[in-house]
Amino acid sequence: MDRSRLEAFSDGVFAVAITLLALNITVEGPGHGRLQHQLWEHRWSFAAYLLSFFVIGIIWVNHHVLIKSIALVDRTLLFLNLVLLLFVVLIPFSTATAAEYLPVGGPDVKVAMAMYSAVFLGMSIGFSSIFEWTLHGDHRTVPLYSEAHWPARLRFVGGSGVYVVSFVVSLFNATIAFILIALVALYYIVERTPASPAAPESPPDQ
Amino acid sequence: MDRSRLEAFSDGVFAVAITLLALNITVEGPGHGRLQHQLWEHRWSFAAYLLSFFVIGIIWVNHHVLIKSIALVDRTLLFLNLVLLLFVVLIPFSTATAAEYLPVGGPDVKVAMAMYSAVFLGMSIGFSSIFEWTLHGDHRTVPLYSEAHWPARLRFVGGSGVYVVSFVVSLFNATIAFILIALVALYYIVERTPASPAAPESPPDQ
Amino acid sequence: MDRSRLEAFSDGVFAVAITLLALNITVEGPGHGRLQHQLWEHRWSFAAYLLSFFVIGIIWVNHHVLIKSIALVDRTLLFLNLVLLLFVVLIPFSTATAAEYLPVGGPDVKVAMAMYSAVFLGMSIGFSSIFEWTLHGDHRTVPLYSEAHWPARLRFVGGSGVYVVSFVVSLFNATIAFILIALVALYYIVERTPASPAAPESPPDQ
Amino acid sequence: MDRSRLEAFSDGVFAVAITLLALNITVEGPGHGRLQHQLWEHRWSFAAYLLSFFVIGIIWVNHHVLIKSIALVDRTLLFLNLVLLLFVVLIPFSTATAAEYLPVGGPDVKVAMAMYSAVFLGMSIGFSSIFEWTLHGDHRTVPLYSEAHWPARLRFVGGSGVYVVSFVVSLFNATIAFILIALVALYYIVERTPASPAAPESPPDQ
């Protein structure tokens, strides 16, 4: 089984999930208060949209790098990938719920943010499983993480640790948990350490 | 006509259908009862989401293996594939209906689960038709099922039998029908008999 | 500009539009009447879903054959393709409207079915424009319709005529217009005249 | 990292966003007034759908040309592309809001059209950033804009200027801002200056 359909299907799910995120942002029609007030009341929806968009974007970039290093696509890998996608698909739901409860506070927002963290944690565990699987046997083709794979492991698996922490933090303070996830996403976006040897591709071969 | 657009279109439909599944999971905003109670009341939505997600995932994996073995994509194959997709697209609807009626019980849940089984049965018949079509004439390129194709037939066509049984069972007990489909899905996920000769691909050729 | 992204983007739009069709099929939760009665009341939704699904499926198959015969993808072609997609994207809306008004009758159903026909007509005109464009200059690579392109023209452009007729008929009797479109769709599905020379592809080159 | 998955993911997001545009067009079922009156009341929804469809279509065409000229896909490019997509995904929301408030007038429609322009502006800035990035270092492979890249820059970056103007205009007159964006879109569709050297591709290599 070749890598291309695994990538095509995953890209499809990532693309649909990332686009459905914005379905949660709606305003009422005329006659429901001034529009700028409505938009201001939805500020958490925009913030949650922004954060979830980049979390999905980052996992998509990393998914790219990881799948590209895999030589053999077997059934176990396909099902580990399905576990990853199972949680990606839930992100629009957990994002909408977090955005609805974040402005309110109280005990419910802790449940909402715990669920928000838990969905990311599930996604991250799915991703880490694929990474660990590629370290076994002949699954890798690129000698990418072969000898000193600890930095890559830290990078790819580290996300799970962050989401465990944000899960625990959200039981005490949902806003701090939200900021924590946002800071880690920001770190992943700005850091420039290449996760893979950046070899210029030769366009004709593509 | 080449295989790649057949795969691209099918992957698109699979990806959208599997992502729309989660649209059925929603909670009410603040002021409609504690969030954890709402989530608990939606436990059947989560269970039905989980099951339908993996049923679509399994059919996608099998679709992969099957289409890859086909040499000639003709119009008949394209329309058999459309029949398969016709039912895949209905899965979010049948899943949402089953999830709504499963907590209630009564005669309606039997109708809901019968429809849930019937949509899977239609999908499975569409899939089996593609398989049977590939056994005729020169449609196959890989000598995959040429001589002893009974195991593959059992594997690919067996799903239809399961859904006939779950359809009948759902007329008596909807919950047992749900568990039956879940057990078969679990079996497909954990069993490791390769459906195709797993030849490591050579990445540069991809 | 190469053909592959034109195909990928079009396939994406076709796949999303065909999957969104089923979003129009919903039932109310428990407490809104027996489920089988609800399903029966939605019989026109199922019929309209079925018809629109295969109309999109047929145009997708023909789009395949047509785009494959094109050598040069220029900006004009890209915008003609956008016109085609503009109407494809409207199909879920026109289908939902037709399905809502078909059970009711009266003057509104004629408007609904006229719009249903008009959206298909727009799609068909977009498709015909691409076909006519490929007959000019050096756009074709496969000498597919070069000498005697009237059968192909009849096939590809004939759809527009059907939808003009069904548009006019719908102003008098919406049900007959619906049946007319369904019969033509059925004809396209069952007829086996190949629209392109069916050459078996060589899988390794793919 | 190769260009193909960047294209596949972007095409997926473009395709889903362009298809979701039409979800904003709905009519009420029977018993809510004559259908043609309802359709007429939704004329701004149709106009806004049409405009946003072609704005997304134009940016997709330009995205094509631009990405095709890039030799090296690095992490910075992936994240600049995510910024572009972040705003593309918001277009169905800003379109629906503009369509709801355009028939009403008053101060709210100015906010709605300012937001409509702002989302396009964000998209345009994301696109311009990719273009500017490709002018640095070894990112380009095709010597497309190497020596005299000012025409291309004007073309690719000019859109941002238009949206700044329409943003300011919308604070005074929302309808004129709408017409301004429509005229620019029309210009991009009808002008035939090739943005890239149109070399006929050789189909077998694809």
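Letters A, B, C and D mark the chains as written, and numbering starts fresh at 1 in each.
As a convention for this text, contacts are C-beta pairs under 8 Å (C-beta built on N, C-alpha and C of every residue); 3 or more make two chains touch, one makes a residue touch a chain.
The structure displayed is predicted, hence computed values, not measured ones.
Colleague: Quote the value, from 0 to 180 degrees and to the nearest 5, of the angle by which the CA atoms of subunit C must be rotated to coincide with those of subunit D.
Modeller: Going from subunit C to subunit D via C-alpha fit gives 90 degrees.
Colleague: Just grab the chain with the largest centre-to-centre distance to subunit D, centres being mean Cα coordinates.
Modeller: B
Colleague: Please tell me the distance, in whole Å, between the geometric centres of subunit A and subunit B computed from their C-alpha atoms.
Modeller: 25
Colleague: How far is the middle of subunit A from the middle of subunit C, if each middle is the mean of its Cα atoms, in Å?
Modeller: Computed from C-alpha means, the inter-chain centre distance equals 36 Å.
Colleague: Would you give the residues of subunit B that are in contact with at least 2 other chains, written as numbers and ranges?
Modeller: 8, 11-12, 15-16, 20
Colleague: Give every residue of subunit C touching subunit B within the complex, in rising order.
Modeller: For subunit C paired with subunit B, touching residues are 7-8, 11-12, 14-16, 18-23, 25-27, 29-30, 34-36, 39, 50, 53-54, 57, 60-61, 64-65, 68, 189, 192, 194-196, 198, 200-201, 203, 206.
Colleague: Can you list the subunit C residues touching subunit D in their complex?
Modeller: That would be residues 1-5, 8-9, 11-13, 15-17, 20, 71-76, 78-79, 82, 85-86, 89-90, 92-93, 96-97, 100-101, 104, 106-108, 111-112, 115, 138, 141 of subunit C.
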